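Report on one structure; see the data block that follows.
Note that the chains take the letters A, B, C and D in the order they are written out, and that residue 1 is the start of every chain.
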Amino acid sequence: MPAINGDQYIDRIDRLKTNVWVDGNPVEGKISEHPAFKGVMKSQGRLYDFQLEEAFKHEMTYQSPLTGKQVGMSYLQPKTIEDLVSRRTMIQNWAKLSNGMMGRSPDYMNTVIMAFASSVDLLNGKENCFPENVTKFYEYAREHDVSITHTFIDPQVDRSHYHFEHAEEPIAAKVIERNDEGIVIKGAKVLATQGGITDEILVLSAAGLDGKDKGFSFSIPSNSKGLKFICRESFVGGESAFDHPLSSRFEEMDTIVVFDSVLVPWERVFYFNNSEISNTFMANSSFSAFSMHQVVARRIVKTEFILGIVQSIIETINIGGYQHVQEKAAEIIVALETMKALLFKAEMEARADEWGYMRPDQLTLQIASNLFPKMYPRFTEIIQLLGASGLMTIPTGTSFQSGIKKDLEQYLQGASRKAEDRMKIFRLAWDISMSSFGARETLYERFFFGDPIRLASQLYSSYDLKPYVNCVDSYLNIDPLS
Amino acid sequence: MPAINGDQYIDRIDRLKTNVWVDGNPVEGKISEHPAFKGVMKSQGRLYDFQLEEAFKHEMTYQSPLTGKQVGMSYLQPKTIEDLVSRRTMIQNWAKLSNGMMGRSPDYMNTVIMAFASSVDLLNGKENCFPENVTKFYEYAREHDVSITHTFIDPQVDRSHYHFEHAEEPIAAKVIERNDEGIVIKGAKVLATQGGITDEILVLSAAGLDGKDKGFSFSIPSNSKGLKFICRESFVGGESAFDHPLSSRFEEMDTIVVFDSVLVPWERVFYFNNSEISNTFMANSSFSAFSMHQVVARRIVKTEFILGIVQSIIETINIGGYQHVQEKAAEIIVALETMKALLFKAEMEARADEWGYMRPDQLTLQIASNLFPKMYPRFTEIIQLLGASGLMTIPTGTSFQSGIKKDLEQYLQGASRKAEDRMKIFRLAWDISMSSFGARETLYERFFFGDPIRLASQLYSSYDLKPYVNCVDSYLNIDPLS
Amino acid sequence: MPAINGDQYIDRIDRLKTNVWVDGNPVEGKISEHPAFKGVMKSQGRLYDFQLEEAFKHEMTYQSPLTGKQVGMSYLQPKTIEDLVSRRTMIQNWAKLSNGMMGRSPDYMNTVIMAFASSVDLLNGKENCFPENVTKFYEYAREHDVSITHTFIDPQVDRSHYHFEHAEEPIAAKVIERNDEGIVIKGAKVLATQGGITDEILVLSAAGLDGKDKGFSFSIPSNSKGLKFICRESFVGGESAFDHPLSSRFEEMDTIVVFDSVLVPWERVFYFNNSEISNTFMANSSFSAFSMHQVVARRIVKTEFILGIVQSIIETINIGGYQHVQEKAAEIIVALETMKALLFKAEMEARADEWGYMRPDQLTLQIASNLFPKMYPRFTEIIQLLGASGLMTIPTGTSFQSGIKKDLEQYLQGASRKAEDRMKIFRLAWDISMSSFGARETLYERFFFGDPIRLASQLYSSYDLKPYVNCVDSYLNIDPLS
Amino acid sequence: MPAINGDQYIDRIDRLKTNVWVDGNPVEGKISEHPAFKGVMKSQGRLYDFQLEEAFKHEMTYQSPLTGKQVGMSYLQPKTIEDLVSRRTMIQNWAKLSNGMMGRSPDYMNTVIMAFASSVDLLNGKENCFPENVTKFYEYAREHDVSITHTFIDPQVDRSHYHFEHAEEPIAAKVIERNDEGIVIKGAKVLATQGGITDEILVLSAAGLDGKDKGFSFSIPSNSKGLKFICRESFVGGESAFDHPLSSRFEEMDTIVVFDSVLVPWERVFYFNNSEISNTFMANSSFSAFSMHQVVARRIVKTEFILGIVQSIIETINIGGYQHVQEKAAEIIVALETMKALLFKAEMEARADEWGYMRPDQLTLQIASNLFPKMYPRFTEIIQLLGASGLMTIPTGTSFQSGIKKDLEQYLQGASRKAEDRMKIFRLAWDISMSSFGARETLYERFFFGDPIRLASQLYSSYDLKPYVNCVDSYLNIDPLS
């Protein structure tokens, strides 16, 4: 089973019967029919269907080097700039199907696994490291189009500088035992997006471990014994695409992952009990370069969608003549084209790493990753400022089929749109900027790669400033004009 | 029936059987039991109850000059600064019961009616003006503690500069007939907040009429024949105060108001067919001064609540040691104290108008009204930046009563709070900054007094700049030092 | 010699023959005739003249409780709110003479000395403290209208967190000896504004001393033996008031103060070798409350002047019809009225301290002090954005008396001004926002009370947040609606 | 005389004896020895010298297609992307010699003339257009390395929307006569930077002419009869490179250009009396694409210099450990890399225009041109915020050679620098962010391509938004999930 279709995805997940809790109840029956997951699983299914469509198959899949079958393009280990461009085409094709709303479309995690496998030599010969397991897992995932989520953040108990956990019972997930079969994990990790609706979950420690906790990395099936996914409140507004054009389709859910003495079999352990590797593997691997490439490509599609919404509002109520409206739309244009330039440069200036894989320029992507968390909230602010009272005048679709149909048609018409079309646009604008779903998207973009202040510190620390200081030095020491 | 209690309010509204449409269906049965209105009507009821509580009665009511009975303090026509302070005490007492979340607690509209009545002499002897009707309506409202909403914005069809409606069928509400009984209105007005859950609705034309439309102002019972309230989607997240601590209580609803040939009896017409009056009455009356006084007082209470939430987050996850966290909290402190200073000065520098009513200083309140729409969205941004992933880790209250109770208690604990208390705080933070309800509050504060850019233009146009220009002039013409 | 006039001031300073270095040369001859000091000393002289003018004497002076003679109002120890208002009137009268450009008009330091004297009991009975010297110095200063500057910042060598000086030769000024006559100081302090053109210099340690350095506070005459003032480059653009309407008059100069084994006689030592007192006296005294009162009052006058300049530009080139111009001017109006409200509240809510002196509300002034450093740079940015190319088209005054006079009159005319008047306005706008003098004013306002980030931290740390947290707590624990 | 050296430039300009007025006096004698021009002419001379240096000649010149001699690379009409890269290398080589401070290094105007010549076919067969004159002038300039300035803005008399000049005497320069020899011009244009120190001046009408004024374009020698350059005040701080490391070298001067019945001979008229051409030639030519390419390339060098200064400050006083300092430096890094990505993309996506010249992507450069005017003022703000009091503690170089040398060496040392080196850095930081020269640089960057608000409007108006609106449309019309 190489590249799969939607039904295969849905069927496989339903059969797992993963332990997922929503609003105090375990999900029973098919998870794909549960109101909290129905829409997003269908949307995810559509992505899988799309990759097999005749017209797009060549862009969405490639021939497996192992089996010769067509596998998902997101698994491709790029060796040329053309490969990178192929990857980006695939990413943006998929992103267009969700307008960039699905932060965890399958290409994201596939890319992560591909990056791990491409940097696996870092683990060679290191204590408690199993590079062969990484490679095997990557091949397994590729050949079966396995869907994956991941989790690496510890619960947010105390975020002060020098806090280290010293509870008796683990809070953050820890190895509590090793035995013949594998290692045993107890504790929790937070915020596995799509937790419970993927085949597998990749679990790893974030960098910055203290002495006691030695770190680990592994992947296990979502239905592993003792594994539990606890959902936040669902932000699906309802099933109607008229009323909730986004949340009815793309609400991915975020989950707390509880490990109740979960056994991770040895063949699935990538490394453990090696804090040096745990603290450095992510940073030294191509994880950042490839994952940022996926994220930036997706964000561009999302920004294009935002720009389309903004211009639709402008046209609908005919406000394009105001200078301040033009300025606000121009802000989004500037943001979009800036992101596009950064992605372009990152690809064109890609360099092969020591293992021959073509990494997009990481610094340039880091710039994009510093910028976007500040851009996106402003986008939603602009939508609010332009939509104004129109974003409060939003009766539901049912209303348009009821006794007040005529009233709505008369009183909600726009300058260039009939009432119903106008309402679709404003409800979309509302769903992206003002619904619980939209606000969660904003938070998600703010923090995708971590705290914005930390991102800035990292950029400053890693950037080579010496040439510029030298340039000032030599300027100050040139002969005066004489 | 002077100052009423909650049951009286609810009972009276239920008996009106106003024509209210929610999600394509007319409300049937008691509106106070409808899920979209239940919470807010109970909260509004609590306000009425509160005014009769022995401990607060003296702050919340005063003796009617007409009947000697206790009537709501919001009806008081202030003649001294002490009166203004009494009014503010009443406003903030009520605001504290909703943490400032109810933009249309009864004192708002009571204040508006009081301001109209206090400026009624502007209508004396003017064509098609009925000052005596204003006075009578004010007294009627005061003596019966009538709840009121208002509406004055025309539907947002085309907002370009020189657009004037020329549809055959009216879109914006218009007088289509006058007869012995009164005037007849056809068309719509938008955004009556609390539309359908008040006794009366005050309808008036916004300033800036063109030649054809001559303007009007009147008040009619919500259940007038031909009057219809069309609701937007409800933002009540649910009934649980744990899960939706704000929307379960304070979702006021916004409505489109449709006039299907509604007869306004002569005794309820304040003015009509007089565009000069219609364009100037609001501006020349004490409407701005008194309504801004109410709004600023309420917004201060809301800001205090925000500050409490922010500090609760900081303490819960122990992030108070970070300089950037301190800076963000300090921003809110600065905003709060600035608003307090402006309100204080506006009261202390109040001046009696030509009819002897003590108006708070309008300019100073205008400053506050220019500032707050920029402050409030930043508050919610700060909550998001500090709450971070904690705002996505929000299982429902039901979860705490279920089989995963122990997991939640262990993994969601905060540095200084048990998991359940921590969850209450984060759900509150989420409800104010990220739920559909919270986002609507943000939009509401952005646009309370209109488009922020227009507010700035008005301020510039009305401010006396001459003294400062003169000061520059005379400086430029002093003798040089010699 | 109680309240003095300008000649007395200038004469006294000239006679001191203080050791002042400008551009590598010691000032010789009368300092009041040196190009770097001529303008500002004349301007300062005008302030002294003004206080004796018949029309303003009653506002600018009061009767000394000691001698019955008229002494400067800035020495008044306020015991009532009326006293505070009198002080503010005096401050703003003087500020208007320099449009708020002189950060160190005499009232600033007079206020500081008055505050010290009013809190002197804090030194009673403390080791190495001499409260009687403070009192005597205050009386001496008041009765002789002594001009003073101060210095307390250590040279900016290394500003990292845990840096403490360990040089063999002192860098930061230190007590290197105590003997019968007094204490001996060696090292430097930075940034005595007006250093060298005042009678006295108050020297003190900033808070935050480490173990070794024990702190001190004293005042000595500017011409004390071993004392040296090293000036930065002068920002006087020239003598012409047409060309440099501000810098020709108000360039106060900033100096490094070098102590080359300077003896401070015992009667002038206020405290030394007591790090507890040194770290707390400023904070516990009324220094902050009274100095912020002076500074905020002056900044309001400065803001009014900025607003006058902005509106003069707008009128001159007729750009008042643009919405974005209105918005920018409105920003300044909002800032001005906000500052006025904060000052007003601080005065009205003043409370007597434990010694009976009426302190304006410190918190409210702190808010103003947090706001202004962000406002002021924006003011100058607005001037640049509105003035645009007009700020580069600025020929000198001499040009208007030359062979190109007619060209200038024709080509530099404004919509509402003749060329010469227009040029005066634009040169003034340039001098406040773009000359070296103007830029230094901006830096000065940014850092008047220290680093803006530190100001925010202090505000957060000192503000009582408990009531707001409690309010959230009790809200979360009220009974649900039922 | 193809590519010239510095002496040739200086000598040629000196010989022109152009009519230049400074501070009310005409320049007499050699202009290259006048204090206002000495430094910048020497710096410009160095640029010319540099292009002939053996090591750089191949990057700075190319073989003339006409004469086979080496001519300046800035005249190259690019036909390939490699040509564009060559042009950029030349631009940045020169820019590094002034750290990007010379907005009008010769490559700027050479590029403009090259762009005109490359688009000259637009004038073919049009009334009153002389394309052959453009071509001849371009070749003349290229083969003689002619230095040029330009001017096109009308005096800023009244900038309201609908103002058109109706003075009897022309204010804005106009054609007042045509005769056998040519056209005669009377009136003024503003802001020729480097006016008076170039061989030629290109004069043209800005777009947006009303009916009466028909527009023109021509180039004439700076010493043409009746032509006068009126300087603003000079911002040369002095001759010392220690004290004024930038203004002593790079103060380019801005001038008002007065045409006192200046005859433009026919062979130098490019077009006149054709408002259609006048309103469209600039926009349709490659002017924008090529001039923005030059400007963006220069601005990148300037930003690198700023970054070097910022990091030098950070190291000197050892503040790199503070998170807010890291954030501020990171802001500049983000800005720099963003500009670099935009330039890179503009080059890589260049397309040949209809005449075969390779235009860099104009939209992408427009984005950079919208961004930089907001970035640059923030850079100077960051320098002020980090430099703090250090930017006021700036004695002159002479001081370091005087009796206070030892004091300065002791008290002005930095954590990682000796006092004198530290002072060089801080004086440089001051000169770029706080001197009159630095402030003029800021204004210059704010307005290089015009009012930032107009730039945003232009971007909005010219950007193709349809694809994004269509994408929203089709999304709203897809089948619901089912």
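We take it that a contact is a pair of C-beta atoms (placed from the backbone, for glycine too) under 8 Å apart; a residue touches a chain by one contact, two chains touch by 3 or more.
All of these numbers come straight from a predicted model, not from anything done at the bench.
Undergrad: When you check each chain against chain C and chain D, which touch both of them?
TA: Correct list: A, B.
Undergrad: Going by the touch criterion at the top, tell me which pair is linked by more C-beta contacts: A-B or A-D.
TA: Here the pair linked by more C-beta pairs in contact is A-B.
Undergrad: Centre-to-centre on C-alpha atoms, which chain is most distant from chain C?
TA: The most distant chain relative to chain C turns out to be A.
Undergrad: If you average the CA atoms of chain A and of chain C, how many Å lie between those two points?
TA: One centre to the other, that is 53 Å.
Undergrad: So, what's the distance in Å between the C-alpha centres of chain D and chain A?
TA: Their C-alpha centroids are separated by 43 Å.
Undergrad: Would you kindly tell me how far, in whole Å, the mean C-alpha position of chain B lies from that of chain A?
TA: The computed centroid separation for chain A versus chain B comes out at 39 Å.
Undergrad: Where in chain A do residues touch two or more other chains at once?
TA: 323-324, 453
Undergrad: Can you name the residues of chain C that touch chain D in the complex?
TA: 21, 23-26, 153, 155-161, 163, 169, 171, 187-188, 190-191, 228, 230-233, 237, 243, 254, 256, 258, 260, 317-322, 324, 377, 381, 384-385, 388-396, 398-404, 407-408, 410-415, 433-436, 438-440, 442-444, 446-447, 451-453
Undergrad: List the residues on chain D that touch chain B in their complex, please.
TA: 323-324
Undergrad: Going by the contact rule set out above, which residues of chain A touch chain D in the complex?
TA: 39, 42-43, 96, 99, 240-241, 245, 248-249, 304-305, 307-309, 311-312, 315, 323, 326-327, 329-331, 333-334, 337-338, 340-342, 344-345, 348-349, 363-364, 367, 370-371, 421, 424-425, 428, 453, 456-457, 459-461, 463, 465, 467-473, 475-476, 480-481
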